[in-house]
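The following pair of complexes shares a single chain, chain A, combined with chain B in the former and chain C in the latter.
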Partner chain A sequence: MPLRSFTKWLVVLLVLHGVIAAAGFFAPYSPIEQDRDRPYLPPMRLHFFDTQGHFHFRPFFHPLRLRESAFDQYEESTSTAIPLHFFVRGASYHLLGILPMRFHLFGASDARICLLGTDAFGRDQLSRILYGGQVSLLAGLLGAGVTLFLGALIGIVAGYYAGWRDELLMRVAELFLALPWLYLLFALRAFLPLSVSPLEAFLLVVVVIGLVGWARPARLVRGVVLSVKERDFVRAARGFGASHLYLLRRHILPETASVLLTQAAILVPQFILAEMTLSFLGLGIPEPISSWGNLLASLQNYSVLVSYWWMYLPALAIIPFFLGYLGLASSLQERPAAYKIVEKKSWNPS
Partner chain B sequence: MIKTRPSSRPFLFPACLIFVCASIFSLHSNASPHRQQGQSNEELAVLPGEIGRSGGRLVVALRDEPKTLNPLTAADSPSREVIAAMQSDLIHINRATQLTEPGLAKSWKISPDGLRYTLTLRKGLRFSDGHPLDADDVLFTFRVNLDEKLHAAQRDLLTVGGKPITVRKIDAQTLVFQLAKPDGVEERLFDGIAILPRHLLEKPYEEGKLGQLWAPSTPPKEWAGLGPFRLKGYVPGQKLVLERNPYYWKTDARGNRLPYLNELDFLFVPSADAQVLRFQSGETDLITRLSAENFSVLLRQQRGSTMVDAGPGLEFNFLFFNLNDLGDKSSPEMARKQKWFRDVKFRQAVSAAIDRQAIVRLVYQGRGTALWAPVTPGDRRWVDASIPHPPRSLERARALLKEANFSWSSSSNGDPTLLDSDGKPVEFSVLSSSSNADRTKMATLIQDDLKQLGMHVQIVPIEFRSLVDRLTQTMQYDACVQGLASFDTDPNSDLNVWLSSGGIHLWNPSQAHPATPWEAEIDRLMEKQLSTPGYQQRKKLYDRVQEILAENQPMIFLASPDILVGAKSTLANIHPAVLEPYLLWNVEQLYFRNGAEAPSR
Partner chain C sequence: MHYLIRRSLHAVFLLFGVSILTFLFSALTPGNYFDEMRLNPQISPETVAALRAQSQLDRPLPVRYVHWLSAVAHGELGFSFAYNSPVGPLLWARARNTLLLTITATLLAWLLALPLGIWSASQFGRAPDRVLSWATATLLVIPDLVLALGLLILAVRTGWFPTGGMISVGFESLSPLDKLRDLASHMVLPVLALVLSALPMLVRHVRASVAEVLEAPFLRAALGHGIPRRTLLYRYALRTAANPLISLFGFSVGTLLSGSLLVEVIMSWPGLGPLLLEAILARDLYVVIGCVLLSMLFLVAGNLFADVLLYWADPRIRTEASAK
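Presenting the complex of A and B:
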């Protein structure tokens, strides 16, 4: 059964990431396009029944009109109904960052449809959440990649070579564990230049959060390496004259895989959260690029907090991702036994 | 926000003063037998307006703890706000009419050459501890204000034509002030100079301790003033409590001695959002300096309170470029950028491309005014109505850039990129203060506006102190969105912004010589208006300054927010002014209807 739950969570995560990766297709508009006449537009409602109560197979919506002399009070003008179209041509974008495309999942010809409302500049909130997910997820994944690479490298060196190297690296690791890492993030970010392009800022965030978390995976990997390197099959291989590199690659690294995978599933959501924290506090990705963190940043204002509930929605977007990753992590933790048996059967020392 | 003049004008005074001699006053003195009456030898000021009922406690939130109650050393705005309720000046600028009116001096005369001012004090006035006021207190006040060792904030205001004003006593009620050169501001000079009690301060002054005197924790017995309220107590980190000054020198039209309120409490509430919450919960009775967002929240949700949009204030917000001569510190990249910034056509093009109406609508929710010059419509006396208000025009911006030898690259997708004469793309960053959401929003709108010209702008919100450091010390920035707010409507309160030698001449501060001909011209005009008496002549000179600024765009003026205030509906005599202190300027006349004062806590 554990294998099936593992696949189930993997599929869920793949679908979620697929939606975000293809944000250009699912988002109806460009995330930075401002509509200055419609700030803080509330989420529009899709209708299936018109005012006479007739059912329409194609959903439609009523455009919202600003109330007289109001800043953010809108009313539906029920006299016009605009049908929703699927697979429409709209703003151009690059699917997965490569394929130039103009097709969007849905849209309307005469008016903008904002299913999740708009922000202070009239930018479509749904598009911003989807595009913002690209930044936050990629930062989380790359950050976790950097951390795991560092952690594995340091853990293996410490565990395999032991002696003073082990002592030194593990004391440094303990130092890192003892540090309050959120404040370390702030300090690191504050040292770096302020005025950077969005891409540089993104890479900075990835590197900063990647550098902070290596200590825990390094200790776990070291533990595994320490026990594996004394196992009979490793000693036998060493007795046959296997080189360090061969031993590490063939016998020791495969044994650390399950630990690293579990760590990855735990670290990715943690690092997504770290990116959000940095961006929330204005130290991450700069405007006008969106990320889940800077989408939430407007909630620091009391007036936004009490007036526009749809500004909370980016916080909900992360919940399925977190559930997916935590489900994956727990199913991975149940797996190691099976993993080892499979491993032993497939590899038969002769 | 940078305040232009840390020294200025903290004083209050009522809307319109009518003077009556003691005999007329005595006709009214029977109207309210329960109140303390003026004695027949007192020359009190009588205020017109609604007659209030006495009693009650007014609770007001303050952004920060006042650092001092000493008018000589107060530089921060919480200190000035508190001192304004505790002290009085000789001649006062009425915050509502923006004109001068008699204060402790009942009348004044200016000699025809503009060099000699003769002031006559009111008779029979007393400090809040009962000690009588006379001309010696005024002499003492000006002596300490002009003492170089004390570094009083008002010292440079009292130095006219390079020489300090000299004061002479004629008799117990009459003083003569002698100036070295005529002063353009005339009697407005005296606003904000709090008259100090000589009987308490002379000894510490001679011992050299006056500068450290009157911290907020001073025992009330060692403090005295001439304002409507006097010190009662101070709880560090929480509040400052003032009580009614029984010797205050103003009455209402029925002869009741002001102020009406028994107690005035200043609570220390640091953040704007926390102040809104305190006001919503009824803990404070009035609120000023509201952002447009918080104002509309209160307008929607708050029952039992009156919310007032008092119209445009004096704050002006602007975008400016780094025009400093960086010398050795300049990198080739910075030199390339400064070549664009120094081109007046580039600045005019940026100005033409900015959608000011969108700033007013999206940042201030329509509660603000678009600006093309530094003087806002809130400054009724000095605004130059002839400055053109061209609407946003990308065509004009493009034409200006073409004239300045900029060109556009034809890119395959999206907007073309603007290239300078060397074929390099035009990219720069705009700093804004991370604690000011309004200005960061403005920067985001400007970023989108300029993208349509092909400029790539990055917004860098940074912490306010490091922002100021970059603007005035290291000069490490490309452009910045900032705001300034004067305390007075008079052009002299902005001298250090417009003079090229000024410390907050932001685009190129503290120059030894004016860098451009038009800055030299502004210097000349500002110096000239300093010593030109008469409003009409000065107005002509200052209008020219505004026109030069509007044409050369060293600052691209954006918008000015309205003064937004609120008060409990039970609080009466509320007349919001666009000058600080917006609601407390007539604190002596505020009162609670129907005994609905704040419950004691």
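Presenting the complex of A and C:
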């Protein structure tokens, strides 16, 4: 049963990540294509019924025009109806970063269709959210990768070699755990360069996020290693003259897998949020690259907050991912219990 | 008492450790506050060099650390370049506001979480429990950043609460009662954001540990003796389930401090959060170190408080400590 729920959540997450990975296909426009004549276009509505009340199978929309004597108030010009087309040719992009393509899921020929509105430069919000997701998710995933690698390495060294190494590493881990994690994140960020190119900024964010969280997985891994290395099969292998490296690779590392997997499911969403927080506050990914965090940065401007509610929509993009990872984590946490019972039954039939 | 002394010593060790760690990290910093001055043609290189020397930035790291330690002993915590004043007084004013927010939120979150969790556990598996579980699960998947921004937009559009700062214009001229009311109305939004982001985790933990205890035979026996439900839940079950919850209390302080950092920036609450952010952007080294250390001090204090609480609540720890 828990295994099935694990698979279910894994599929959900794969689909969600797939949509973001194929952002070029699902996004109707390029994330940096500007339309400066139409800043802060509100989300456009798709219609099925025309003004006469006739039903149309193909959805259509009315282009927006500026209201008279207003600079950011739009209204639908109901006289023209532009049909929505699927699988249209548009701006070229590289699917998954390699495959050059021009096809987009949907689009329209005569006017831009901005289902989630546009920002101050008239850039399509939906496209920016989808492309921004690539940056945010990648930062979260890579950050979690760095953290888990560090955590596993340090945990194994501390647990396996014990002695002064264990003492030292665990004391340092305590220091990292003694700080509220957002303060730690900021402190690390504070001591690194501020104005950098987007790529450097991305790498910086990944490194900073990756360095923040290693202490908890390291302690968990250490605990597992401490108990595993005293188990009979490990002692037997050591008795047969297995080298440290062999023991670690063959017997000890596999035992830490379930802990690491659970930690990954917990850490990835937390780290996606960390990237969002850093970029939101201007310490992360800079414009014109979009990320879920810097898309929200404009909300720090009070007038944007009051007038353009759709600038908040990027914030909601993370929620399905949080849900997916939460489900995955809880299904993983259920697993060890069931696993233990089975193990007990088969190994100690007393 | 040995137990508490040991915990306090541990806290002191942590403080020293983190301060050394932050100093080590600060050595990695490329550039400092005075670098921008160098670009300014109106400031001579000699002035910049003199300022650097005055702030001890040209001295080696251990010297700076010792110098800083003596400043800490004087309650100054180093010197802020941007504010041109000692960091200590600057921090205390901001820290008070952060504490006001965090302590209120912590108390409120726990006061809500305990009855909700206990009630949920007593209804385990029935409709109210399931509704509450759904509610906490929903709140759990809304990250604090999203929640705080959402609340802010709600407040802006409805005008129910003031949306920024800590006090209104003309605060000085208000009567004491109105002052309190003004402060409270400004606190509603940030406290709500903090409580809502911390609550689901707390409720879930309370529910889980109380539900586990409710299975225990002694509680069935107590129920059989006709002890009222309320006494049973709050006096017996809660007391037995308290141990992991008290440890969670220390952890929740850390979560709320982190949350508070973000919420303060979003809702322009004049706490440590905005100060830290400004200091990072201005490369105001000692303010950053001060903020980080202070946040840690709060967290360690929270954990120490949890330890005291545990010592008081769990007789096993007391006997264990005296046995040693």
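The rule is short, and it goes like this: the second predicted complex is superposed on the first by the 336 of 350 C-alpha atoms of A that agree within 3 Å, B and C clash if a C-alpha of one lies under 4 Å from a C-alpha of the other, contacts with A are read in each partner's own complex, and residues count from 1 in each chain.
Throughout what follows, a residue touches a chain if its C-beta (ideal position, glycine included) is under 8 Å from a C-beta of that chain, and two chains touch if they have at least 3 such contacts.
Note that the structure is a prediction, hence the values are computed from the model and not measured.
Colleague: Is A:T7 touching the first partner chain B, the second partner chain C, both, or neither of them?
Modeller: Touch status of A:T7: no partner.
Colleague: As a test of reading the superposition: which chain, chain B or chain C, is in touch with more residues of chain A?
Modeller: Of chain B and chain C, C contacts more residues of chain A.
Colleague: For A:L175, select first, second, both or neither according to whether it touches chain B, chain C, the two together, or no partner.
Modeller: A:L175 sits against chain C, while chain B stays out of touch.
Colleague: Figure out whether A:F121 sits in contact with chain B (first) or chain C (second), or with both, or with neither.
Modeller: first
Colleague: Touching A:M276 in the superposition: chain B (first), chain C (second), both, neither?
Modeller: In the superposed model, A:M276 contacts chain C only, not chain B.
Colleague: Which partner does A:Y312 reach: the first (chain B), the second (chain C), both, or neither?
Modeller: In the superposition, A:Y312 contacts chain C only.
Colleague: One more residue to check, A:S243. First (chain B), second (chain C), both or neither?
Modeller: The answer is neither, since A:S243 touches no partner chain.
Colleague: Once chain A of both complexes is superposed, is A:L323 in touch with chain B (first), chain C (second), both, or neither?
Modeller: A:L323 sits against chain C, while chain B stays out of touch.
Colleague: Examine A:T80 and indicate which partner it touches, taking first as chain B and second as chain C; both and neither are also allowed.
Modeller: A:T80 sits against neither chain B nor chain C.
Colleague: Who does A:S197 touch here: chain B (first), chain C (second), both, or neither?
Modeller: First partner only, chain B.
Colleague: Both chain B and chain C touch chain A; at which residues?
Modeller: Shared contact residues on chain A (touching chain B in one complex, chain C in the other): 194, 282, 300, 302, 306.
Colleague: What residues of chain A sit close enough to touch chain C in their complex?
Modeller: Within the complex, chain A contacts chain C at residues 171-172, 174-175, 178-184, 186-194, 269, 273, 276-277, 280-283, 296, 299-300, 302, 305-306, 309, 312, 315-316, 318-319, 322-323, 326.
Colleague: Within the complex, which stretch of chain A touches chain B?
Modeller: Its residues touching chain B are 32, 34, 36, 39, 71-72, 92, 100, 120-122, 194-198, 282, 286-288, 300-304, 306-307.
Colleague: Contact residues on chain C for chain A in the complex?
Modeller: 14, 17-18, 21-22, 25-26, 28-31, 137, 140-143, 145-146, 149-150, 152-153, 156-157, 164, 254-255, 257-259, 261-262, 265-266, 276-277, 279-281, 283, 288, 291-292, 295-296, 298-300
Colleague: Considering the complex alone, what residue numbers of chain B touch chain A?
Modeller: Touching chain A: residues 273, 276-277, 291, 293-294, 296-297, 300-301, 355, 358, 361-362, 365-366, 413, 429, 434, 437, 440-441, 444-445, 447-448, 458-462, 478 of chain B.
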